[in-house]
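Read through the structure below, which is laid out as structure tokens, and then see the notes.
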């Protein structure tokens, strides 16, 4: 059962080298559904930490939350890709290119699974670096100058960041090897947690800081975030959804592991660093959202902001941890639907700029609606599930420090205005007086040619289902999932008040 | 240190042997370079003959020259000779070993350069001023690393005099590698760093090829030669001999860093002398090799190389402060 | 004892090669220096292997030589040949300034290392200082130079620094992990080479 999660993507990876693309897209559906079912079965029957594959991999409550997130979003992305491949091939992109698309996507998912499930921190590192490499060629999928530059930035910055993360792991290994000796056990997460209080506190603190900076680069924390908007906006839309929705969480998992180890050793001040980085990330993304002209970049900055909120929640502790764990899941769904529905617009119009796209409500009735409500959802408006996560985090923040709470709240309002105002313009803005004549003309001709009929129905309805799901989850969260979240938050010392 | 006849005799002998050998080392490098280029080359002892010939020639001074021109060559020569009196090349108790402070050595070298450039400017020729400014351009850049090399040697061994410094290293190395006793101040890495740093400095200070080429008299490339362009007769002879002595000073310090072996009693002197000459010949071969392999460097690239030398000596100092 | 002293020589050579890299504007020389630096790292690991008689470190030595000394420089040279870029690199700050800055980074890292690491726990004294200095100078190389190749060299230098630290304070990471790390590094260099070629086609590098 547990092994299946790793074996299935690996099998799909190998098959994708030989199989025809259209055939492969059916297989991909099957694989994704199976992985989802396997994860669901694990989640339903899960009651204690389980080790498998010779102790190298394990499932506990925290990585189970992220595992559920990945498999759910991957399921939707597989369905979307089914339509995406057909639409793009009809639009004139060669089949050979899409063969590589499936190859790299499966490699990406596989390495992400490896690093999420790994018990050994060295394997976690290897998996995380492999995700960077697997997505590198996906980000540059369009083979334009911008996409190559974005990929370069992405690979260089993330590789250096993860190298710093390796430094953290080396120092941790040194610390633990004084307890367990020089063996694989010294890198095994479960064993390190057991050693806990026996470890050298100075080294653990240093390791946490290096991990925060190193893996934080991949999470997109503020001073190291330069690559994120470029890389997330340049890739094909399904890949962008996966990058924003789940890869960031995978990198965050590394920081959380170090945070847990510090907690086990009785060091509590790392939380202030999490709070600091989280707040600064929200601040930077709030000011960046205002001046964006590209809608996919807009959503990328929104991912950054949400990662900031999640880190803030983990740092605050208590009830906010529950909020953060819920936010991980809900944000993935919501960001997925945003990237997928904006992918529809991009696939049909081949236009990235916000001011070139007007009157979406007429040409793309379903997509435009999903996009508009999705933006409401991502900002934490009530009818959608992210409201729940954000209200928990904000409650925690307000309880711990009212001033910080107000600051964060103001920034969130700021981001909402920035996002919503821009998307609303795309939705209704029919004739802008500022727009020059020929720009309007070209915009009009573009709108005349394309509408929702040009794209595959899967691409239209997958985001809609995600939106409905996101709305549904506000009112009814399945109790097994809630239990998992509760148990996971208990590991961070979160108090549960329901 | 008490007065000791043995020290007096062997110290004097050491001094005279080095002074006499100095032109031989310079000639040897010259010969090697010429043979490597496929020329027949001068004899190894040509520089002795040159010196002899120059001493017999008439001395011509510019009519603008002041008394500086008369004393400068002698001060240059004397400052090099004083340094050679201090260096424990192969006998531990050199004549001025008691007052052989490392700072004094560094500044005696600077004093010689100072008077050489004064001489150049005193002659009132345009080339002299040009040569003096170029000479100082190099010296200012290489001076910090030279001082750092000496200071880090002093810190590394916690001794002030150059004789004590190298004796300390010798003892430490002998203890560590022969008897296996860990006496503390033993490291291969730090002397190695100092060696590289000092090597770069000595290339630049002695007007060797990647930085300067004393064999040509093109005004564009002249560094060192422009200073002594106006010198003739006895003065030129003294300057030439001074440059051999300077080269010998640098090579001797390098040889001591590379492999410190100094005689402490009469029985060790023959072996120490042989090892000293061998080390010097090896260093001459290295320098000749560097000169053959490299082309002359652009002047504006010289600071790059010298800054590397400076940083290496700085790193050596940082690491030796750290202690072992 | 003697092994440790010889190992220190190799560590110093790593730092010397990094400082030389800062001082030289030539790309080919930089790649050669990287290869040399990796070789010194490998020798350092070998000294550790002989000293501790550890099979793990012998394995680490072998894979370091294969990946870092041979394969990665080979691919970099191959890419360089295909790209046909300028021989010299433009920089944001002058070379002497950069070299002096590198020296002050070494000073800084010595201060940090003395705070953190007690003497005697590493194989060879001042390894941690050198590792930290190499790390910082590698980062500086990435920032101060304009071409993409120097960013790769800077990244590889950073990686070497981490390997040095890993092999000094512990007796090497577990071989399985080290192999994974090196393989990832190798693949990332391949991908970066592909990107350079593609970027070259579109824009000036």
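Remarks
Lettered A, B and C in written order, each chain numbered from 1.
In this text, a contact is a pair of C-beta atoms (placed from the backbone, for glycine too) under 8 Å apart; a residue touches a chain by one contact, two chains touch by 3 or more.
No experiment lies behind these values; they were computed from the predicted model shown.
The chains in contact with chain A as well as with chain C do not exist; no chain meets both.
Highest inter-chain contact count (C-beta pairs) belongs to A-C.
The greatest centre-to-centre gap from chain A, using C-alpha centroids, is found for B. Per-chain CA centroids place chain A at a distance of 32 Å from chain C. A separation of 65 Å divides the Cα centre of chain A from that of chain B. Rounded to whole angstrom, the centroid-to-centroid distance between chain B and chain C, based on C-alpha atoms, equals 35 Å.
Contact of a single residue of chain B with at least two other chains is seen at no position.
The touching residues of chain C, when paired with chain A in their complex, are 56, 116, 135, 139, 142, 148, 151-152, 155, 158-159, 162, 165-166, 169-174, 176-177, 180-181, 183-184, 187-188, 191-192, 194-195, 198-199, 202-203.
Against chain B, in their complex, chain C makes its touches with residues 1-2, 5-6, 8-9, 11-12, 15-16, 19-20, 23-24, 95-96, 99-100, 102-103, 106-107, 110, 114, 125-126, 129. Against chain C, the residues of chain B that register as touching in their complex are 176-177, 180, 182, 186-190, 192-193, 196, 303-305, 307-308, 310-312, 314-315, 318-319, 322, 324. Of all the residues in chain A, the ones that touch chain C in their complex are 120, 122-123, 125-126, 129-130, 132-133, 136-137, 140, 143-145, 148-149, 151-152, 155-156, 159-160, 163, 166-167, 170-171, 173-174, 177, 182-184, 187, 202-203, 206.
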